[in-house]
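Just below sit the structures, each encoded as structure tokens.
You will see two complexes here that share subunit A, one where it goes with subunit B and one where it goes with subunit C.
This part shows the complex of A and B:
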């Protein structure tokens, strides 16, 4: 399989080197490979997400960047310098733990000041000024004397952010940063994290299994599965042009039709020859998946109602599900497989459950995937 | 019917509490009894406290007990902490063997441990004294200390020391600034328990004490032969007072947290 990772940028000098460069990084626990052959660059000051299902190796990958785990293969470079063998406390990066890991025996101010006190890099007066600034950054002015137990979940996270950023690391790693928050607070913190990142100009790397989180916050996303990075791209590119069937399935929802390619047609067993997007560059006879997003599918009663050039497949409407901002239609195609269509807003199709319908789409809005 | 049962259990509970505390109250009252015969009240007197102050044998034994308890409780707590930290790194079989070995002395009768230890000291031709006494008490107290500290250590969020490392601490700084302060209460609980166990120990002391290192319980026990004098009551009263002072000193609230914490782990 050709790993669709990006080519390294220009030759790294100390100033232009990427924040993180992973080259052939792998980690094996006993006999179990957790991370395999990961090569990617994280640019300075970008908001980068590592996205994948649980157990895909994303946490291990992050822990190798922090230094809590040592790679069994490959090199980790931070700011152009090989970091293999550098212990975590000597790396110019901080981590935001999923549990926040605030010290319960210290108050808010002491938690935030922790790094500066340990590193003894500044006089006392400056430390308390820095604490005030850090608390202001996360909008917790005047909370310095509070005990950790007095804080809500959202406030704890803000304290953890202030604590991690006070030493102005060049890199902040965030482990499932929004996982423990409720829905409303999540949306708020997504925007807030992005704002803080722009304000402090620090490279943020989040690890998450939540695609919405990754799509809304990130400049670029790496999709991981089975210990490998499948695609590194901008959120739009990942959604519009997924590189593999896994990515198309994991990000958003996709319908898949599997068949064999012949020119501009895809032969699908018992469904016929379907038009595919032009210029795909794949050889005839290749076994491929055709991915179609539900929002690109339109339903009609008659085949003839579909506009010219659209692919049309007959099926039966099984269920209409109202989602609030959209309506989802579940169909069964003639070969018995499931197919999903989606329209914005409430159902205005006038279709009834159990009715025969045609699912139609523009072949240019579908995507061929050979893996 | 249910009401009657409630009454019975309520009185039963009162009875149990009374049974626990009546002896202590009796000791305190009798220590102020003028009579030579402990169970006959002859009027108020503080003369037994005066006699206690003159009883150098008893006071020497008290000193030995205090010293042994202090040293062995401190050693046991320190070893318990080290054992907990070491075991956190072990996996599978090694962990099972180590924890089995650590807690086995809990179920071996103390008299067997005493005899065995005496044989070992004999084979080494070691002189019995403070050192052997402390080692013997360490054998008895260590499993308790390890049990309490291990539970608390395992309950500690492992990301806390990691966070300390992430924020610039080396291993020692992470231990001193985060792990140790968070374990303060269980460590205190373990130390107090070990101190009490060592202070009241008779069996192990019988085997491991030497000339000039007779502990208080041994001294009191040997006095039974010549008949108990009310000085013992005076000493008992002072010890109760001392314990109360400790509890007040540590703080009742803290004490409850220690006990609840030890319970949860």
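This part shows the complex of A and C:
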């Protein structure tokens, strides 16, 4: 908590500065680039997620913020102050490790009190009060005397959260915080983490490769692939307005039709000229992808059944998959490519597998992507 | 039924351990004949003779040497174990093998190797000459220092194994978590890693301290036999002085010292367990 990065004389800049500012940050191990040219701001008190497939550099990026890895390029600023060269124990942030990293030789209370004891920032009596409060925050009242070995996975994680938050860091980084929990506990903890974050008013940065988790918890999400950040946006914006084909594919499911742009139409080989959303601002002749979400696709028996202005493509219904809350229809288009449509609830289409159908959608609900 | 099954083991223990032990205890109270043999009778004279300052010094010196050796082995053992445990897994196996390797060579041979290494003009001497630490052949053998090097050399692997065992399962992220929570490198060790290694350190201390008391080859070969450990004293009393009852008395005292130190270590272990449980 004694953070040289937030000395009082820096206050004027620090107050308005983002919690984290990365400028052209890169990290190369040997000659494998793990993170490349990342520039982004993490705002104060926001719940920020870094989302991407395995090996894309999420952990490495986070470890550069904590100081466990030194960037080979660019600068990391914390609260408006350059943190390059500041060791981890002098940064005003804490990390929640994926394995929780609880100290096995200390009991729950001692684990939680660890930071306050090490930093000697408060008198003894206050420490025990702070421990009680921290345990209450994660709903583990009365667990102080337990040994770590006696706790379940979910309880261990709560202890780790209490330990990380007791010193009120201005930033908490969580590396796949829910990775080790089962599905049900996960969903519970997602809401819980969000609630704790609101209560303590600390900036949370989580790393995950679970998109649902990121969408549920985050104020903003950074999508990473191959060491680069592709898009930083709110969950809705990421879902509704993905910036690249990768993002559209990684978040939720998308159908892609690839072709060449000409006016308000997209020329797709052997499928014809399809209407695209207006005002896309891309030049004629550009090679682009048209992304269509399955839930925006409706199936009809006849082309004429589709409302005016909708794009319609013929295909064959291959499979109907019941997902519980939705039904998914897998088709094959006339060029042999796969196409997916989805409707809420159980199947009420009356369509049979193997039947010829038309897939239709409103061009305004589709999206053009030039990369 | 179980008694019948246990009989062979019981007989072995009684025959090979208990009987010789009782004989030694019995002999320590016997008086010697003029050739140093056992004459029988009951006397405390042997123990009284051991109170002579010359012998007391040997006991004191042994305890000191054993303590110092234990301390040095614990420190080096911890450093080596920490290094080992933080290597990638395959590297750990290789390094461990290098530590075990010398065990497959006879101990006497290895001690003689040290005589060569430390001899005037030998490899160590050439090295210290090269870095300007010494100038020309130096007489390091026999000496107390050489004897101590021999002791550390002999017991270091024994100290490394239990410490390494207690550190190797430890998640790398524990050290990082400690740093994250405000520990510089010293406190990462003093507050987290050392406490975790403590059971291993205790075992290492036990395995170093007690056997050091009974060592007799190293002080003779590397120390020139001047500064003796209890082990040397016993050998000397039995062979050179031909005073078997007194040798037996010295053995009994050594045994009592070992039992006492085991009790101390045992108590420490019990306290440690109670604290972590």
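Throughout what follows, the second predicted complex is superposed on the first by the 359 of 371 C-alpha atoms of A that agree within 3 Å, B and C clash if a C-alpha of one lies under 4 Å from a C-alpha of the other, contacts with A are read in each partner's own complex, and residues count from 1 in each chain.
The rule is simple: a contact is a pair of C-beta atoms (placed from the backbone, for glycine too) under 8 Å apart; a residue touches a chain by one contact, two chains touch by 3 or more.
Since the structure is predicted, the reported quantities are computational estimates derived from the model, not experimental observations.
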Joint occupancy of subunit A by subunit B and subunit C, clash or fit: clash
Touched partner set for A:29, first subunit B, second subunit C, both or neither: neither
First, second, both or neither for A:147, with subunit B first and subunit C second: second
Subunit B versus subunit C as contact partner of A:105, first or second or both or neither: both
Which superposed partner A:322 touches (first subunit B, second subunit C, both, neither): neither
Those residues of subunit A which subunit B touches in one complex and subunit C touches in the other: 66, 68, 87-89, 94-95, 97-99, 101, 103-105, 114-115, 118-119, 163-164, 167
Residue ranges of subunit C in contact with subunit A within the complex: 171, 173-174, 176-184, 187, 191-192, 195-196, 198, 276-277
Residues of subunit B that touch subunit A when the two form their complex: 157, 159-160, 162-170, 173, 177-178, 181-182
Subunit C-touching residues of subunit A, taken from the complex the two chains share: 66, 68, 87-89, 94-95, 97-99, 101-105, 114-115, 118-119, 147, 163-164, 167
Complex interface listing, subunit A residues touching subunit B: 66, 68, 87-89, 94-95, 97-99, 101, 103-105, 114-115, 118-119, 163-164, 167
